[in-house]
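The same chain A turns up in both complexes below, where it pairs with chain B and then with chain C.
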Partner chain A sequence: MKRFRKEMSYFVFLIPSLILFGFCIVYPFLSGIQLAFTDWNGISREYNFVGLDNFVKLLSDRNVVQPIRTTVIYGVGVTAINNILALFLAVNLSKKLKGKAFFKTTYFIPLAISAVLASFVWKYIDSNLFSEILGRSLMGRRETVLIGIIIISLWNNLGSNVMIYMAGITGISKDYDEAAMIDGANGRQRFFHVTIPMLMPSFTICVTLTLTSSLREFGTVLAATGGGPAGSSQTVAILIYDYMFKYSRAGYAQAISLVFMVFLVVIGLVLTKFFRSREVEA
Partner chain B sequence: MKENKVGAISKGILFLMTIIFLFPFLICILMSVKSKQETSKGILSLPESIHWENFTTAMEKAKIALSMKNSLIITVCCVLIIVLVASAAAYAIGRRYNNRFYRFYETLLVGSMMLPFQVIMVPVYRMYKNLNLLNTRTGAVIMISGLAIAYSTVMIIGFVRSLPLELEEAAEIEGAGRFHIFFFIIFPLLKPILATVATLQFLSVWNEFNVSILLLQDEAIKTIPMQQYVFFGAYGADYNTAFAAAVIAMIPVIIIFLILQKQVVAGMTAGAVKG
Partner chain C sequence: MKRKALTVMLAGLLAAGSMSYGTIVHAKEVKDEEVSNAEDEQITLEFINGSAEEQYVAWLDEVIANFEEANPNIKIEIQKTSIDSFNQTVMTRFAAGDVPDLFSFSANDMDDMVPSGYVLDLSGSANLENYSEGMLDSFTKDGKTYALPIANDFMCVTYNKAAFETAGIGEVPDTWTGFLDACKKLQEAGIVPIASGFSEQWVVNGTSQTTYCAQVLANDGPTLASMVDRTNKFADTEQWKAFFTKLQEIYPYMNQDPFGTDQNTCYSMLANGDAGMILNGTWTVTNATAMNPDAEFGIFALPVSENAEDNVMPMCPPESAVAVAAESPHAEEAVKFLEYMMSPDSASLYAEKGAGIPIVKGVDTANLTGAFKDAADIMNSGEVKVISSKSFPSANEDAFINDVSEFFLDGCEDVDGALEILDTDFDNLAQ
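Moving on, here comes the complex of A and B:
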């Protein structure tokens, strides 16, 4: 009895979390699985079960091809450029440098700016400055719209990866670098054979987080282009939103989102495994 | 010699990127104090005098006072709920770490962090419609907090486990109840991690967009990002007012960010250092 009471005294602390988590995530997630097998239109109270219809339709839906392509190009593009730039900045900001705090803050501050605001400002720069320099705006054309959105995302989010890489670099013991230097390794050799392998835990986090978050990008694209011009920047996340609110096909939207989720989880797991296997023991 | 050259080029790129990163802020400030005529002369043209009236127009047209109030209420409520609920759960999980049930719940929380919001978007909308929670601040606060507790709880668990048990045991012997122990012994000890969690969540709730666009469509309860989303679309032509609105919205969050930068860095790198 006493043990039970002690156990309960801990359990009580979990109850608010269980309720909130159940209400906001578990229940919607489970009812979402059910909705994916219906023809719910997002408005009416009634709907019919249609079995695997939504998933069968998805296989032959040509409207899905372009968003998937866009999402993958965008996700891979953002991840690659973001991580290269963040690593470059982190390495240089970890050296002795005058006004280091100022530089760091410059890269961190955009993190405090909402995606809507970032998109608004860059859209203006794009249509009033880039269009003069380049002779055309990036986001007004199908071919270059993704480049424009990638720039917004980089400006808005680069800081967090810079932080993580800087923390990783600070965590590497100077001894390794010095040992390599004594052995006659030059700067580049030290970077590729000491810094990079020691940074693998940071890569695991940065690459996985950037990729999974950019693959589900929603706010930046919606605020910057709304998916346009002519659907050329429509990502899967926007497609799901459009099916729900524009085309009133909520059941189908839910089926797409489930497939999308499986895809994201698999990518996340594969990437984590890939980088973890390359981590070295310090 | 060669390494010096590489160093110089790196420094050059660093400076260039810094300018690019600061450029949007410069544009915001410049645009917000220009008149329409001055704006038409080009994006980089300088104003002859500072047009403060842009700011007063923005306050009225963009309903900044109203959305600021909404954002503040929602953000403060969310941060309080997140900190309380997450620290309580983290305490239970951290102190019952050998128990299968608590460990399973921790795994569930970690797993939920991988869920894209789109998966629950449609069902959440449906649930909120049925419960008449659409377009209510309460509804938004519940959903935003609910989506944030997993990440926050996982961050705090590690910290709880690093706290020594002695203090608690001593209090227990003296007859203190679990609530007393949590609020008067554990909670104060958790301060550093709670400051970090609160700061990160403050920024993310303040800028929250996914839940807001789904659940807060009514004019009267729009938060700042939502209001801006609508305003930038509707007043796209009146750029000076829109930029003045942008500057007003930016200032408080930038000030807070600068004050709490240490907490933000600590929070964002917490996972990385552990590996």
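Moving on, here comes the complex of A and C:
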């Protein structure tokens, strides 16, 4: 009884946060779910329940094919390049290097710039510099538009992963490296057999967060290309926005959001499980 | 134990406090409202304005100042919203029951907002007399008018007069051959004939609208509504085939890499004489003038026919206006302001400020110059062809923009293929 009262006293401290969490997160989330089963147009105060109609329509909607393809290519591309590049920079910045603080700051500064501003800056560079060098801009062509957007995303977001990997590398005891060196391991072997396994917790965070956030990409694409040219950079998030606000099909947009959210949760869980299983105890 | 009891009590109070705060605020608001109504004090009307163009804003500020001076108990509070998030803001506000008194209103929203009972019926307004026949059609449903426009934008060719002179073009082209000839002369003079900022999708639509308003809608072609409901097919319509052929012919005269160029760059090119023309709405004039106030521009109808007499300016009823919320607690005052805003005096001021082409009767256009003078002359001469709506519904419009963009990106080679793709996409949307 005494223990129960003690635990209850802890619980009371959580009440203000729980109220806020319930009001700001749980309630909108649950009320959003029910909209996926309606024909709400996004503005009317009345709507009808249509059962699973929105989900059935989604299965035969040709408009979702291109955005899914774009989203997957973009998500995988950003995640792979971002993490490889961030790891490379982190490894080098963890060595004794002149001007280390300057480079760290340089990689970190773009994080403070909004996706919209970053897109405008790079759009200008693309149409004035890249078009001069390459003959045509990257974002003005269907074949290269995603490369242009991936460059913006990398420039804008690379810093956070660099920091996480650097923190991970700093946390690895020098003893392991020295032991491997004594055993005759060269630099490459030490990197793949000591550093990488010890960095698995960082991979769990960086890969999972980068992939799930890039699959949800909205702001950068909207500001840089609006989904064009000819819909070639339209992501699932932009498709949802279009259905919700432009085409007045909020119920259907909510159904797509729900399916997409489940997809993201599954991806996140699978990735987390995969990397966790490869983490080693220090 | 005492300390523990005290902490528990304080935490409980904190939770209760956060809940009761909302109640206190609400009670205070109700009390304030009662006082305000009881004493008939200052009334503040909220106006969500979706237009951020400099000249429009300057005009609106002056109209508001004049109105507030004449009506000291009414204050107009403008809420500026960017055009990108305008629909989102207005729709969210209405859906939540937090309605503004006045709001910029698009003809595209008639089918959603009027049946929902959100828009006040203005049929009793004396201002309706100030509009020519057909000019309020896009805001009229079942015989009731729901919004009043100040101006009308139409799709035309805007040209730089100095660039035309440099290229040796003495007269504005009035036939299709003459138009292509003018493009050739500009190109030979080292001037980009047609500046196109297709990196912004609305520009693809604007150039297309300029072409199909003249080639399809003003040329006895089917209405856009009949294309949407699939009564007519693109592939079976000669005018639509001619539309793509026209795009094919003008494409070589556009700037290099149009899909990597934004429209502001194009305005700048036109304003500085680096480009000769832009095919888009009349707003091109105000935007280009902002880039170079000394430049002189002119406008003319895209001459799609070889017969000069057929090439009159296509014009459809305006698509943007201002409406009053039906649920506004100050609807009477809001209508009063709207009527003042759309009065001939305000419309004259609108023209003087160079904000656009007013369509309210009784406007003094004597002080207009350049492209505005051209526009006024066209309006006064009556040499216009009233056409049906130039805009597709949003979903069809996006499909249309994508398909026309594909056509351009593929080098404008396959006209029949483009018509077929449009039919396929519109068929899918109709289902």
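Please note the rule applied: the second predicted complex is superposed on the first by the 268 of 282 C-alpha atoms of A that agree within 3 Å, B and C clash if a C-alpha of one lies under 4 Å from a C-alpha of the other, contacts with A are read in each partner's own complex, and residues count from 1 in each chain.
Here, a contact is a pair of C-beta atoms (placed from the backbone, for glycine too) under 8 Å apart; a residue touches a chain by one contact, two chains touch by 3 or more.
Bear in mind the structure is a predicted one, so any value in this text is a computation, not a measurement.
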* Asked: Can A:Gln189 be said to touch chain B (first), chain C (second), both, or neither?
  -> neither
* To do: Give one of first, second, both or neither to describe whether A:Leu89 is in contact with chain B, with chain C, with both, or with none.
  => first
* Look at A:Ala230 in the shared chain and tell me whether it touches chain B only, chain C only, both, or neither; answer first, second, both or neither. => second
* For chain A, which side has the bigger count of touched residues, chain B or chain C? -> B
* Name the contact category of A:Ser137: first (chain B only), second (chain C only), both, or neither. => second
* Applying the touch criterion given at the start, work out whether A:Gly268 contacts chain B, chain C, both or neither, answering first, second, both or neither. => first
* Touch check for A:Ser173: first (chain B), second (chain C), both, or neither? -> neither
* Considering only the touch criterion stated at the top, classify A:Asn41 as touching first (chain B), second (chain C), both, or neither. => second
* Contact residues of chain A, present in both the chain B and the chain C interface -> 9, 12-13, 16, 20, 42
* Asked: Given the complex with chain A, which residues does chain C contribute to the contact?
  -> 4, 7-8, 11-12, 14-15, 18-19, 87-88, 91, 94-95, 97, 112-113, 116, 118, 198-201, 256-262, 265, 394-395, 398, 401-403, 405-406, 409, 428
* Asked: Okay, in this complex, where on chain A does chain B touch?
  -> 7, 9-14, 16-18, 20-21, 23-25, 27-29, 31-32, 35, 40, 42, 85, 88-89, 92-93, 103, 105-118, 120-122, 124-125, 128-129, 155, 160, 163-164, 166-168, 171, 186-188, 201-202, 204-206, 212, 215-216, 218-219, 222-223, 236-237, 240-241, 244, 250, 253-254, 257-258, 260-261, 264-265, 268, 279
* **Sites on chain B touched by chain A in the complex** => 3, 6, 10-11, 13-14, 17-18, 20-25, 27-28, 31, 42-44, 81, 84-86, 88-89, 91-93, 95-96, 102, 105, 108-109, 112, 114-127, 142-143, 145-147, 149-150, 153, 177-178, 182, 203, 206-207, 209-210, 213, 224-225, 228-229, 232, 239, 242-243, 246, 249-250, 253-254, 256-258, 261, 264-265, 268-269, 271-273, 275
* Asked: What residues of chain A sit close enough to touch chain C in their complex?
  -> 9, 12-13, 15-16, 19-20, 41-45, 62-63, 123, 126-127, 130-131, 135-142, 225-231, 242, 245-248
